[in-house]
Each structure stands twice: as C-alpha cells, then as structure tokens.
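Chains here go by letter, A, B, C and D, matching the order in which they are written, and residues are numbered from 1 within each.
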Amino acid sequence: MKEIRFHGRGGQGAVLAARMLAIAFVAEGKCVASFPMYGFERRGAPVVAFTRLDDKPIQEKTQIYNPDCLVVIDPGLMNLPTLFSGLKPEGILLLNSPRPLKNQPSDNLKLAGVVNATQIAVEEVGRDVPNTCLLGALAATTGWVGLKSILSSLEEYFSGDLLQRNIRSTERGFREVKVLRW
Amino acid sequence: MVIRRKFSSKYEAGWSDADELLLCLDTGSWRTKRPVVDKEECNYCGLCALYCPPQCMLNLEDYFAPNLDFCKGCGICAKECPRGAIAMVPEGEFADEGAKR
Amino acid sequence: MKVRKGEIKVITGNAAAAYGAMLCRPDVVASYPVTPQTEVGEQLSRFHADGILDAEMVEVEGESSSMNITAAATLAGGRAFTATSSWGLMFMYDAMLQAAGFRAPVVMANANRETPGILAVSCGQQDMVSTRDSGWVLIVVENCQEILDSVIMAFRLAEDIEIQLPVMVNYDGFYLSYLAEAVEIPAREDVDQFLAPLKLQPERTKLVPGKPLGCGTHGILVEFMELRYKHCAALERAKQKLDEIDKEFGEFFGRSYGGQIEEYRTEDAEIVVLASGSAAGTARMVIDTKRAEGLKVGLIKLRVFRPFPRERLTQALKGKKAVGVIDRSVCFGWNCGPIYMELRALSPDIGFVPMMSFIDGLANMDISIPHIERVIDEVYAASQGKSYQEVTWIPLEE
Amino acid sequence: MTQKKKKLPRVFEYFRDEDQFAGGVAFCAGCPLELTLRILSKVLGRETIIVGTPSCSAPVLYGQNIGTWHRLPYYSCLMTGVASSATGLVRYYRKIGKDVTVVCFTGDGCAADVGFQPLSGAAERNENFIYICYDNEGYMNTGVQRSSTTPFGASTTTTPVGVARRGKEMSAKNLPLIMAMHRVPYVATATMSHLEDFIKKLLKAKEKKYEGFVYIHVFSPCPVGWGIESDSAIQVCRMAVRTNYFPLWEAERGRFHLTHTVATPRPVTEYTKLIRKFRHLSEEELARLQEEVNSNFAFLHHLAEFETPKAC
C-alpha cells in the first residue's frame, strides 16, 4: 500500500487533487481511498487530505500517520513544523515552489520533485490553482501512475476550455518538474 | 408476538376513516338557553342561518328554526336577527318536555 | 438473477448516498445544508439540474421542514428522501417522532457528527444514538459502496407493506462523508427491478383527496397502545426483512453485507470485537494481523442499531469467551458505550462472559490500528481470566 | 305567512357542497372558528385536504383514535410542521399530476410564532397551497396565553394584570402584512361578520393557489379567552372592522387593495368595551391602542394607494 498526504490551503484544490489522483489510480486498476480532514471549509485555511492506494481493497478508515509521499501544494507550508512527521524512510516529496530545494529537508526523504506549479498554473489556467500541475509532477517523480491516467481523471471535473488549460498545466508539471535524489 | 385482542383499527398506522366511524357530539345537551323563533316576525332573511356557528338553523321554507339536536344555545342567531324575531329562552322552561328535545 | 456490471466511479460517501437515492427515483427530495452532509443535497440538485432526477426538489428553510415534507409526501403515497447530520437531526427530532408514529416510509441519510457545541464539526455517532428511541430503523454502514447499496435497500425495507417505517442510513461524517472510493453504481433499470416487488404488494394507506381518510389521529388509551404495539411488531419484523433484502441484493448485484450483522472470522473465534461504521473496516484489518499472530479473534460489524439484532448477535456470540465493543459515542448515565449497553442486555442469552466497553473516536479522534490492537489485547486478557476494566476511554486511559 | 317575505342573501349561493362536519363538534358555544370551518367546507368542497396542528381546531379537525368528526381528508402534524407538511403533500400531488386543494388551518400561535419559519419558507418558495390562520390573538387552546399577535394591553394568563404589570406591553405582530411582503400571489384578511367577503376570498384563493402561495388571515374572537358573551362574537368581528382595528384587504403579489372601506371609523373604545381582556385599560393606554390602529391603517392605506413607478 502507498499512502499520500496532501498539504494545501483552502481554495488551492488539495482535496480535488487527492480525488483526481484517486480516479487516475482507479483507471489503472488500483484500489483507492481518499479523504480530506477539515472542519469548516475556509479559503486560505490549511487543509490536509489523504490518499491510499493498493492492489487490494482498502479496509482501514484512519488518518495517514506514516505517509510514503507528501504533496505540498503551498510553498509556505514548508515551514510547518509537523510537515514531515511520520514520513516513511525512502519518502517522497512533491513541492510547489518557485525556488529549488537547497538541502534535504528531512532525513527520511529519498526523492523530491519540485515544480513551480503556481507560475505554470497562472500561465496555463489563468489562476493560482497549482493542483493539476502538481499531479503531473507527481506522475513524473513517483512513477506510480501514468500521465495519461492523470489527464483522463481531469475530465471528471473539467470540460471544454478549462479542461484543455488544465491538461496543459498538468503536462508542463510532468515535463518541468526538477527531480532530486538523496 | 401473539395478538390476543382484536385490533380496533384495520390500519397499520393512525388513520381515521369517516366511512367507518363518523363521530358526533350531543352538543344539543350543552344548551342552557334555547332559541325560539317567532314565525310571524321572521322575514326569512337567513342571517341567523348564515351566522349560526354549528350551521344548524333549519330552512323551513318561509322561516328558520334551530335543529335542537346540535344547537349549543350560543345566541348568535338571536343577536344577529335584524327583527328581533328570536328569543333565547332558558332551557328550564322546557324541562317538562324531557326526552322530547 | 445477476445484473450487468455497474459503472465504477470514484465518489465520496455523500455522493454515494445521493446516487443511491437518485437511482430509486424519489418523488420528493428535501434537504438542508449541514456539514458534513451538505454535498448530498448538492449532488441531488445537480442530478435534477442535469435531468437525471425527475423529482420535486424542495429547497427547504430548515431540517424540521425537510422531515415534515418528506413524511407528508410518503403518506400521500410517494417516495421521499432527505439527508442531514448532527444538529440538523436534532432540529427535526419532533418531526422524526411523528414520521415514525405515522409510519411514514421516509429514507434519510445521516452523516454522523458530534453535537455538544456548534464547533463540534467532527465525526461521532452521538447524533444517531440520540434518536435511538424515535421508532426509526437505524442502519450503520462502513464504506461508500455500502452507503449507496444501503440507501437502495433502505427503500425496499421502508416501503415494504409489512414494515412501513422510516429508515435512516448512518455513515461516519468526515471519515466516510468525504471519503472518495471507487464505487460501483448500478444501472438504474436494475435498481428498478430490485425495487419492483414494492409495486406488486398491496398499496399502503395514503391520503387521497375526496376520500374521507385522516392521518395522525390523536390516539389515546387502548387504541394508542395498539399503534405502539403495531410499531414495535413492525420493528421486530424488520430484522428478518433486513436479512432477506440483503440476501436478495447480493443475488441481484453481487454484493451483500450480512443483513443485521456481518460476521468476520467469528466461526472459530474465541474472542470477538463488536464495532460499527467506518471503524469496522480498520478492525477487520487488525483482526487479520492478530489472526496471523495466532490469536483466535473475530469481528462482528453491527449494521443496525434499531431494531437491535438480538437473535443474530446471540447466535454469533454464543460460546465466545469475551467480547469487546467499540463505541463512537457515549451512553449518558451509564458511563459506557451505547452499543455495549445494549449488548449487556443480551448477557442472559449469550452467557455471562467478560464484556468490555471501549469508547473511542469521538469528535474525529482516529479509531486507529494501535487502538484496536489494544482492544483485542485487553479482551484477550479478560478471556484468559485476568481481571479487567469494564469501560475504557481509549485515548484518555493508559 | 302567505307571501315569501324576503329573498335569501346571495351568500347562500356560494355553497357548493354540504357541510362536511358532523352536526355536533367540540367547539365552544358561539366560537366563530366553527363557522369558519363549516363555511370553508361548504365553499371549497370535499376535495380539500386539511393540514393542521394541536390547537382549538384540533379536537374537531383531527379525529379521535379511529373516529373522525368530518369527511374531509386531513393530515395532522406538529405546530412546527404545518406549512412544510402541506409542501410535502402538494409537491407529491404535483409530481403525479393531481389537482388538489390543500388548506393549512392553524391558529395565530402556530402561524406567527412556532410555525412561522416553515410558513415563511413555503411562502418564499411559492408553494401551491392555501394557508388560513385564524387569529384569536393568543394560545387559546392551552388556556389563553399571549402570542405575538396578542394586542397591546390585552390581559392573558401570561400577561396578567396586577400591580407590577398591566397586560401585554408590546404591540401585536402584523402577520398578514408580513405575509404580503413575501409578494405571494394572494394574501387577504377576513372575518366572520363579513361572510360574503370571506367567501369571495376563499374562492379567489382556490384559483390563486394555481399561481402559488395563498394566505388568509381570519380575525377570530375567542368568547372564552377574551371575555365576551357567547352571542357576541359576530358583533365583535363587525366592530373590529368598523373601528379599523381589523381592516379587510387583499394583496396580490404585494399590490394592496381594501375590500371594505369604513366611511367613518368608530373609536377603538367601541370595540374594546365589548371585550373583558381590555377592561383594565386606562385612557392613556386606550389612546395608545387607538394610535396603533390609526397608524396601522394609515400604513395600509398608503400601501393600497401605492403604485409601482414605471421603469424609465
């Protein structure tokens, strides 16, 4: 089983990203469970979302304590003291940031994909919605899911011009992500 | 569960059915005064029948008279009669009529 | 018969409830926003806007009204659905008692949420427990697929001429309401066929213009006792009906849930954990781990809280050495879990073995894997004759 | 006795169905509520479905165990659920294409107080039914407690007259105006002294309900709770109209029209002197009541004169 924890802020699409990723996994025959943890839905407030994937049905309905992968949608959240808590050894980080990672932010981190998703989203989608771009970056960095599946999952939530813009944003995330290994 | 007693209602829930049981109160017995219509004075205008809350003024073709089975003796008919043709007479005066009401 | 495979979609528990309702073609839908259930109403409105749901959608001004509207619609002869959570459930409580008393076959989804303050925006079954004696059928489910399937089964149960009771399908708020999983959505025609027996049964008594029938007579004395007697008898009948409908659903759609209870590895189990809702899924995993370690432990998932599955539980628990109950709510005045308290009432039937109450998961606390491991360890110790604490508030007590 | 002395009033011609109620039902002697219901059943006919609540009308409208006092179908519910239950009924009948007249029949306590939320909600949604509120200015069924439509000064069991208090201190909530402000197809006031007016409004309501929500506010004195003689309710109704204490009007989607104008309104004291609940009022208090009557009527008059400015 792989466990992914998303960190974002209300309005950035963390919950939606977790769901679209789940759809992509299902398209590839995986079993998934994805859920957010928040009370009131407020733009700007920190949001955590979880996605589990496995080859067999997922029974547990608990929060994720030891993620294999972190997806940080808001670069500001890198300062969150608990961001890396519970991260498994050999862990993976997906980060939306305009700047490259200077050093290994956690000893448990083996792999990181950094992409300037905000800028790409602004350029392609026209708004600061970095979520789909990060999904493209996730596909490239982890190899857990194909870009094609991610792109098809976008169709569940977008259509027409907005879909095309998000597809471009996702593809750029896939191409432009800088992968670091430790 | 074994039902030892016959249910009074054929319905599963609380339904009433007027075809099965239409209730009626003996409101005629509530009366302490009785409207007595002076047929000569009555000009058949119908206001007593119109305003009668239990709608129990009987239309007797050229005058009105209360259905004493239901008349509660409120006196609205007497009060509303423009000709003062209805008198409210204490029921005691009819006591000897007994069950005839 | 086995039907065609349904479409697989990744949807949330709330959406699953809405899909379940939509597939049953309700005549009237009314629901009021309340976290974490709001999405059910939104999704149904979306279905309606997209022309998929041909229902009267009532955008109500409060939960009390959703319940009154749906109850009245069913007593006029229609099919009605509503959804709520927490305070919303409490706000419609008067109407809920009336709906049950009138035997209005409303189906309601309830995303379980805590109630002590308005900021208790978190999971807990206290809302459902607070409606225990409302006369409703209270179903509790574990995952998104089960939400969808249970809503469909709920209509079969509610509108069965032998039952005629409102049914509430409860699922853990947040943990399930927002959980996105792959869910198989049955074809509408197949759901039609599954519900078809409802059309073949004698018509329920309904309010018809011009017919001198009145609904909700006051009820005093023995006639009132009759109503209560019939209501209780219907709840008793509902138990077997739940099992039958679940079995039929399994034959139809290839998924079944055990009816009143689901037993998991209980046959040769010496000790049993009794859980409900989303925690049952986690518990099943932990049972597997403990089994692998050689511990003979099984799980019973309680699928219906009212009527209480007395006979099935007695049968399943006879001969077991100890039972632990995980409750996501409390029984005020007993200082234990409500399901535990109910189970204790079965002691004379089951045998006086150690029974232990574990309170966990209130207000979004995780009923985590270590917590359930601890439950199993403590129940096992009790089964071995060790002294034990009857009630444990897991996160608060070491 | 040889010649027919007078032609019956036209009102009789509006009766299209028999009285659907049993001859003897449990309303107090002289209560105009009984008249309202019997007339309603004669005018609207037996296809009407009644929805109502615990109230003075409940022991008559909602049966007793398996028995019932009338032949109209009815749905009895809680005070918090009248307008919503009616919504459930009309929505289902609409879904199956059945033409039904659903009439909510409640007191002012339900309509103005505890049942106001669903009433306002149903009006805003413009549900297709008729809501009739009989206003006896308090909770009469439970023994004369004040409601939000109890007028200034009135003595009730919860606004008693004593050394420290002299009846209700606040003014009555003007529920029919509030309902008219929902701009629904039809809102009207009525009272039993003006029966033809009431019947015409009922018939109009039956038509208007195809357009949506209809509200009729019926002024209904309570002989017991107000302290009036059992023969005087109609007289009190009439005096309420003649003093402009209770003006008769209708409003179609917020357009007001007085259905009965009083050439020279009588002073309100001619009304209050008929009623024991006002007996303790001082001259100052009566003056305040008169002032309220004047200002309420002036406001209504303005509304009736008001013309929506044409768009430029």
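The working rule: contacts are C-beta pairs under 8 Å (C-beta built on N, C-alpha and C of every residue); 3 or more make two chains touch, one makes a residue touch a chain.
It should be emphasised that the depicted structure is a prediction, and the values quoted were computed from it without experimental measurement.
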Checklist line | Pair of chains joined by more contacts [C-beta pairs], B-C or C-D | finding: C-D
Check: What whole-number Å value describes the gap between the mean CA coordinates of subunit C and subunit D?
Finding: 44
Notebook entry, point to check: Distance-wise, how many Å sit between the C-alpha centres of subunit A and subunit B, to the nearest whole number?
Noted result: 80
Check: Between subunit B and subunit C, what is the separation of their C-alpha centroids in Å?
Finding: 53
Note to self: As a quick test, compute the distance in whole Å between the mean CA positions of subunit A and subunit D.
What the structure shows: 62
Notebook entry, point to check: What are the residue numbers in subunit A that touch two or more other chains?
Noted result: none
Check: Touching two or more other chains, which residues of subunit B qualify?
Finding: 8-9, 11, 14-18
Note to self: Counting only residues that touch at least two other chains, what does the list for subunit C look like?
What the structure shows: 212-217, 219, 223
Notebook entry, point to check: Which of the chains are touching one another, listed as pairs?
Noted result: A-C, B-C, B-D, C-D
Next item on the list: Could you pull out which subunit C residues touch subunit D in their complex?
Entry: 27-28, 30, 55-56, 58-62, 64-73, 75-78, 80, 94-95, 98, 207-221, 223-224
Item checked: subunit C contact footprint on subunit A (complex, rising order) -> 15, 18-19, 22-23, 26, 31-37, 39-41, 58-63, 65, 156
Notebook entry, point to check: Can you list the residues on subunit D that touch subunit B in the complex?
Noted result: 1, 4-6, 8-9, 11-12, 19, 22-27, 29-35, 38-39, 42, 63-71, 192, 195, 223, 229-235
Note to self: Quick check: in the complex, which residue numbers of subunit B touch subunit C?
What the structure shows: 1, 7-9, 11-19
Item checked: Complex contact set, residues of subunit B against subunit D -> 8-9, 11, 14-18, 20-28, 30-31, 39-40, 42-47, 50-56, 62, 67, 69-70, 72-76, 78-80, 88
